[in-house]
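Worksheet: the structure to be examined is printed underneath.
Chains: A, B, C and D, in written order; residue numbering restarts at 1 for each.
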Amino acid sequence: MQTRWQRIQNRLHNIVFENDTWAGRAFDITLLLLIILSVISVIVETIPALDQAYRPLFHVLEWIFTGVFTLEFIIRLLAVGSPIRYVFSFFGLVDLLGILPAYLSLFFIGSQQLVVIRILRLLRVFRILKLQEYTSAADVLAASLRESRAKITVFFVAIFTLVITLGAMTSVVEGHTNGFESIPVSIYWAIITITTVGYGDIVPSTAVGKLIASLIMMLGYVIIAVPTGIVAVSLTGVANRRELNSQACPNCGRREHDTDAVHCKYCGEKL
Amino acid sequence: MQTRWQRIQNRLHNIVFENDTWAGRAFDITLLLLIILSVISVIVETIPALDQAYRPLFHVLEWIFTGVFTLEFIIRLLAVGSPIRYVFSFFGLVDLLGILPAYLSLFFIGSQQLVVIRILRLLRVFRILKLQEYTSAADVLAASLRESRAKITVFFVAIFTLVITLGAMTSVVEGHTNGFESIPVSIYWAIITITTVGYGDIVPSTAVGKLIASLIMMLGYVIIAVPTGIVAVSLTGVANRRELNSQACPNCGRREHDTDAVHCKYCGEKL
Amino acid sequence: MQTRWQRIQNRLHNIVFENDTWAGRAFDITLLLLIILSVISVIVETIPALDQAYRPLFHVLEWIFTGVFTLEFIIRLLAVGSPIRYVFSFFGLVDLLGILPAYLSLFFIGSQQLVVIRILRLLRVFRILKLQEYTSAADVLAASLRESRAKITVFFVAIFTLVITLGAMTSVVEGHTNGFESIPVSIYWAIITITTVGYGDIVPSTAVGKLIASLIMMLGYVIIAVPTGIVAVSLTGVANRRELNSQACPNCGRREHDTDAVHCKYCGEKL
Amino acid sequence: MQTRWQRIQNRLHNIVFENDTWAGRAFDITLLLLIILSVISVIVETIPALDQAYRPLFHVLEWIFTGVFTLEFIIRLLAVGSPIRYVFSFFGLVDLLGILPAYLSLFFIGSQQLVVIRILRLLRVFRILKLQEYTSAADVLAASLRESRAKITVFFVAIFTLVITLGAMTSVVEGHTNGFESIPVSIYWAIITITTVGYGDIVPSTAVGKLIASLIMMLGYVIIAVPTGIVAVSLTGVANRRELNSQACPNCGRREHDTDAVHCKYCGEKL
């Protein structure tokens, strides 16, 4: 039998961590709005013109959000069975890091800046948005990325080797001048080039440097096909597996029926 | 029985809104040419050299197009059963916004500029180009984009969270200088970087900033694979379904059977 | 019976236009080398330092290539049945345009510049490279592009409408300054942005302009998925159709056998 | 019977070239760490600030790594049956080029710079990382790239012809000024544009030049779909073939049967 505290804790848990009750849903949506508002406030505060004009307002808003999120954090601590495990979970840490800097700013000048970390709380969007269609879409995406993990790792190792080798070569060719001073900067340039970003803050000036740059660009242009192919193939696989009825026909035993099939498409037997 | 006015309205409707008669087709093609000409005129008018040389000509052309499109708008109002519903429909609003600014410019200086809105009328191209092949191609594209809606939404939420978080981090790291003054501008930079556009008007100057930039570039380079994979898979699905057995079941009349199906998958009847 | 002239013409045709004889192959490879050399000479000649040092050499080379290609052109004229049709064919025009500018330069100063047109002769590479594997690969690519024609047209119409609308909007928003002087230039900027090229020679400076730019970037980032999806789907289709044996089993009549199948995979009958 | 030396050589070979024993695995991981450390040292050494502060340290590290890698090279020479063949193999050359510059620097000033070549030793990562999952992923990627070789070659020939033709045209149109001085530089610009890198160091300034640039951008934006489609299709093919029935025919022993095959497609035997 549950004690009275356990019953309260259970109800709190349902409201704060789940969203299948009316109260849980209301809590989640309110929290989502507050997080978005606090993020907007943190972002807007950094615009010099607005900061000068409304600094006191931002200060007050800052402490209101800190207060509300502190309260939420305490409720979460009360609602879970083992508070320690929650604090050291991913979302526990994000929640704590979202309120800590404001308090630290009372003691240490400059830690105010870290309030920016509160932006990470936006990640809760994924937790809160448990709407059926989107979760399933996110599941398919996550599953197909997980499945392609090995291929993408190999791809990244290849890219890094390429970028380091070609960056270092260009650094030597360009004579360590004009932005190619050191190899790390040249690697940064090679990444800018192979990903087709092309800032243009560093550009080769020698003929050989331009030749290597052209090579990197062509490589980047074609190599992009590889992760795309990987993800497309794996998405097809995951999507197909979800879509095929895994049921075998009781008469002929054949599978691969569509999910909306009522009768076996080969022998006509009822599935 | 139709009154005489209804018969006229019907004929008008056939000409103005449909394109299966000779007159409707002629009307549509004339309109398309006029829209393209008026858009070219609006565009070309903004070239300083041409504007100075031919200002009176552009002025006349402007009023000719406004006159013709006003006439067309009135005919459309007459041709539909409920003019109010047409005015507040998407294309009704676009048509109205295409002629209004010219008239407003008689009363308010500067509203002339809004004639640019007329460019939106180009969207009628899609309405007019009802040629079989292209409509079916557009249908497949639209269907596959609609189908991937949930996945693309999840993808965009993820991108926005990434871009806000990494933009804010870079702003702090770069010390709110050199173009990273405020977080909104830093988010703008992160979008420029993750989409591999890379204007180069804002670039990180610290080592840590360059590291974060490299991370964003690599992310953007691989993440592009996700929408491509989504669209490719969904296009395959839509295309396949169109290739499905177009045969209807003789018993229940439902379609969408696989090409190798022998029995109806819904009722078991032999196909 | 063939006259003697027809026999000679036939042999010439085999050598100059076909590549299934020893002589035809030798002619093609020699021609390919000469074209590549002449293109390299035209390209290298424009490097200021080399031009000053070796101008006489380039002049001589220029006339040697013109002479050889003129001879080749005359032989081609003799080898075909109807010289007029050849001259007005695509490759005939390219061949003519490749030699004409050199002769024109004797009469008109400046037409020398047009020798650059000779680069178009590089397109003969595709004609000459009739190697089995590459032709079949090119066929698959061409077939899948041809098949996606309607979808790609719709895609381009959509892109153009977007680019014109958003370019004009940004031009108004940015107040026709800082590189957004006229709408054509703003459309050029929108194309630079939506294709993720991002030169950075024109960048928005107002907050609203940056917002529109971000929107165009995100659009460009996701829209790229559409042609990729189209081509991937159509390539799969073309490739599959080529790979499946269209032969039906003489016993059970089922198809979709692999090209290397000897027996029906369903009933075991010899194909 | 093996001589004592052959037994030792065998054991050495197992340790140095294989990684299925405990000792071989330890050797490989140690070597991988040393290579990564030496590469980091070579890279970091080029940062001006660090170079000035710690030059003696880098000098010592340099010689330690050279010593260790020389030892490793000698052991490899002893471990293989034919040392000559090893030295002239790809990895043998890379290993030799990794240590040679350090020794050359004793005699020739400046060859120190070539130590950068040591970065190529990073390629050993692929040799050492023989972990099951990654090797199989790399195999699939390599197989699908090998399979698309012909298509990608055709694609590259087409791109090069385009880039040369359009680059030369733009050079003429822009009047050989503003960065379009020579055709090679204009080709470099065309590559920057078609791959959507867009440095912005060279940009067209005439209206026609901007038109050609827009054309190249659109081409580059759509053409990227081709290699992506090629790789996606070929990856699907390779992945599918791996999923094929791994069962060998009991009669003729051949594999590669479809998963729904009942009879061997080569000899007709029941599977």
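We adopt the following convention: a residue touches a chain if its C-beta (ideal position, glycine included) is under 8 Å from a C-beta of that chain, and two chains touch if they have at least 3 such contacts.
Small disclaimer: the values here were computed from a predicted structure and weren't measured.
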Relative to chain D, chain with the most remote C-alpha centre: B
Repeated interface matching B-C, over half of the contact pairs identical, chosen among A-C, B-D or A-B: A-B
C-D or A-C - the one linked by more C-beta pairs in contact: C-D
Homomeric contact chain A-chain D: same or different residue positions, threshold half: different
Centroid distance [mean C-alpha coordinates] between chain D and chain C, Å: 29
Approximate Å spacing (C-alpha centroids) for the pair chain A, chain C: 41
In chain A, residues with contacts to at least two other chains: 155, 184, 196-200, 220, 224, 228, 230, 232, 236
Chain D partner contacts - residues on chain A that touch it in the complex: 150-151, 153-155, 157, 161, 164-165, 168-169, 171-172, 176, 181-184, 187, 193, 196-200, 203, 207, 210, 213-214, 217-218, 220-222, 224-226, 228-230, 232-233, 236-237
Residues of chain D that touch chain A when the two form their complex: 39, 42-44, 46-48, 113, 116, 119-120, 122-123, 125-126, 129, 133-134, 136-138, 140-141, 144-145, 152, 155-156, 159, 184-185, 188, 191-192, 194-201, 220, 224, 227-228, 230-232, 234-236, 239
List of chain C residues in touch with chain A within their complex: 196-200, 228, 232
